[in-house]
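Paired with subunit B in one complex and with subunit C in the other, subunit A is shared by the two complexes that follow.
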Partner chain A sequence: MTRQEILTELKKVLSPYTLEKEALANIDESTNLITDLKINSANLVDIIIDAESKYNIEIDYDAADKMVNVGGCIDVIEEKTNQQI
Partner chain B sequence: MIESAGNDIIDLAAINTERTKEQRFYTKFITGTETSLYSSPPLAALPFEFFVWMLWSIKESVYKFMQRHQPDLVFSPSKIVITQIAPSVNSLLTVPELIVEALGFSNRNVYNSKITFDTEVFYANTMITAGYIYTVANDQNNFDHLYWGVQQIPQSDPSSQSREVRKFVLNKLASVIDKGNLSIVKNQAGCPILFSGTAMVNQPISLAHHGYYVAYAFPKNGI
Partner chain C sequence: MSRRVVVTGMGVISPNGIGVSAFLNAIQNGVSGIKFIPLYEELKFSCQVAGKPDFVLEDLKTKNYISEVTFHGLKGTNIGYGLMAALDAWADAGNTYDTEETRWETGCIFGNSVSDTEAMKNVITRVDNKEVKKLGSRVVEQAMNSGVTSYVSGRLGLGNKVITNSAACATGTQAILMGYEAIKDGYAKRMLVGSSEYVDTYVFGSFDSMRVLSRKFNDQPEKASRPMSLTAGGFVPGSGAAALVLEDLEFALARGAKIYAEVLGGNTNSGGQRAGGSMTAANPKGVIRCIEESIANAKINPNDIDLISGHLTATNADMQEIQNWCQALGRSGAGFPVMNSLKSMIGHCLSAAGSIESVASILQIVHGFVHPNINMDDPNPQISDYISMNCLPTTMLKKDINIVAKANFGFGDVNSCLIFSKFNPNDTTRNFN
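And now, the complex of A and B:
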């Protein structure tokens, strides 16, 4: 999976937690989940759990800390899915 | 003492109760020793999902308190460790009021907790009602100098929350601070900064919102 492919899929993971649909459609690696997409921090764990289910990966404490922006989410998903190969 | 503020609110109508109780959910930010706090009898009387979100709100409040002085700090809830929680004597769930504001927490039912983060120690007071969980953090176990408030709002979209929480705290600040034309601007780290006209005011404030609730906390010392 390329980073662009992960980004496209990530939009679907983030979608239930943001009303900022235009911002979501235009996300790039620097997009911050809280300040740009207005996702409530109380939903950050939901996003981690949904990403785990979608990619069949396990995201530990340290990896979860990186998932504050889209680039960080892609890093974690890329790293964890590569570990499975 | 660090001049700062940190608070957090959880709208209990906006949480996913079933998911909260799943081990794979709460173990993402609650460690084994923290989970064992739930086995003490007064806390065990709380619904488990309330316990989980109380811990979340404590960790987030401490993070906000710290972040004002460390803009690059990443929220790592598992590293903010709650070591003890002393429950209030009377923990009956009360119906939330539309608006509640006070200076300090005297005569209120709160869960008082102690937290460690790296080498530093923090304290927090948490109120649990049938509608929300609300926490204020501090670096000393004295909350008498802290103004705080919680308000229900009619809409839960982010722009309404943002507008209402600003209106709520600015209204309070205007009544206790001798400066006019107050406004709030968030800095790059997302920390709210108070302005009077174009001049920055040295007054830490913390804002919180979730679902149909908004909240603020700020210390009296800075005024």
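And now, the complex of A and C:
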């Protein structure tokens, strides 16, 4: 998967957790989940659980700490999915 | 200085109607909300009927009660009932949901028995399967007992007292009483109060095992809840919620609110599980004291009471309850007030009973009627030892109702009683200071 493909899929993962639909439609790697998408910080753990299930990966505590912006999320998903191959 | 407290909004999720107008129509026409539950037959329960509201959790999202983000991950039916009833009451009082600022003058006292056993079942299953990592962030808020008050106060930005109370079947009346006291004593201008109960399979099964539920009318669900009848053989569990907006009279008048009724007073106590009282039975002295002190607190005379909305669950405690009312009011025979049991139509909604029955009480004041006691086609002949059968109407009675006494008695020997009155702005019969 390319980073762009991951980003497109990531939008679907993030969608239930944000009311900022316009900001979500226009996300790029610098988009911050909490400040730009107004996602409740407690919900980051739910996004991690959804991503784990969607990509069939395991995201540990250290990796999860990087998932504050879209680029960080893509880094983690890319790394973990590559490990599987 | 003591403040007068009025009811300005109501919301109800009842087995026989969702929303105040559907509920009013149902209780005027004696409509039963008791249904046969096939799962309970499968599970070999003795009682296979229950009162279940025709409730759709998704309505919270599609009808804009809460945002889709809040809705995503909301699983708890009990929270759904409580939240919808509370938000309906809030809107009925003429208020909008959204606010940027915290509403410091308004609080919430809402009760339940358990927050949500479905949420807890999810926790137990996941943990036992070594899948704790999959639980996510939304479990604790739905498993904690203060789930309903947290969702309600968060949606409306309520900043005064936010309290979750629990007193078994006395929970609803107790929540309303506590909200009334907060306004009367000047701590709050407005309180959103009520209670909810979702009797899931596990709670239901626990009561079934106690052999206190109706079991002989599984093939006639609408006949299964029979308070005060000779064939009353236990109660029928019901689910639902109701909420009231209580308001300081001056605060309500200043914003031009419509006023349904006034809360004149009430009392909550316990019989201490002594003198015939136990974990499951009420000490008659505690019940009588609770009613007497409610009357004193409301500054009325026992003869002022036009209608009693009884606890009357359809167990052998019904006869004792009638005697207790006679003694507390000093009224009997044909001099006893009219009395009814909403449980004949919707079953016993446990923690939600007091709030749903309070909405029924207020509707009877507002619309001038007494709802029927259904399924009393074989009244217990012992009743006439204490009161006239005419005090227990079996069809709707059109009658001017000025004052209602509403009481509930719960496990743990806990009692709660409220006195509601028609609102009279020029009331000079009582000293409100």
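Going forward, the second predicted complex is superposed on the first by the 85 of 85 C-alpha atoms of A that agree within 3 Å, B and C clash if a C-alpha of one lies under 4 Å from a C-alpha of the other, contacts with A are read in each partner's own complex, and residues count from 1 in each chain.
Going forward, a residue touches a chain if its C-beta (ideal position, glycine included) is under 8 Å from a C-beta of that chain, and two chains touch if they have at least 3 such contacts.
Given the structure is predicted, the values throughout are model-derived calculations rather than measurements.
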For this session: Superpose on subunit A as described above, then tell me if subunit B and subunit C fit or clash.
Result: clash
For this session: Look at A:T35 in the shared chain and tell me whether it touches subunit B only, subunit C only, both, or neither; answer first, second, both or neither.
Result: first
Problem set entry | Touching partner for A:E9 - first (subunit B), second (subunit C), both, neither | neither
For this session: Classify the contacts of A:V45 with the two partner chains as first (subunit B alone), second (subunit C alone), both, or neither.
Result: both
Problem set entry | Contacts of A:L19 with subunit B and subunit C, given as first, second, both or neither | both
Problem set entry | First, second, both or neither for A:Y61, with subunit B first and subunit C second | first
For this session: Determine, for the superposed model, which of the two partners subunit B and subunit C contacts more residues of subunit A.
Result: B
Exercise. Touch check for A:D75: first (subunit B), second (subunit C), both, or neither?
Worked result: neither
For this session: Give the stretch of subunit B that clashes with subunit C in the superposition, choosing among 62-70, 80-88 or 152-160.
Result: 152-160
For this session: Jot down the residues of subunit A that show up as touching in both complexes, subunit B in one and subunit C in the other.
Result: 19, 40, 42, 45-46, 49
Seminar exercise, completed: Per the touch rule above, subunit B residues touching subunit A in the complex are 10, 14-16, 19, 24-25, 28-29, 53, 56, 60, 74-76, 78-79, 157-158, 186, 190, 209-210
Seminar exercise, completed: Counting only contacts in the complex, subunit A reaches subunit B at residues 19-20, 34-35, 38, 40-42, 45-46, 48-49, 52, 59, 61, 64-66, 68
Exercise. Mind pulling up the subunit A residues that touch subunit C in the complex?
Worked result: 16-19, 40, 42-46, 49, 53
Seminar exercise, completed: Listed in rising order, the residues of subunit C that touch subunit A in the complex are 67-69, 72-73, 133-134, 136-138
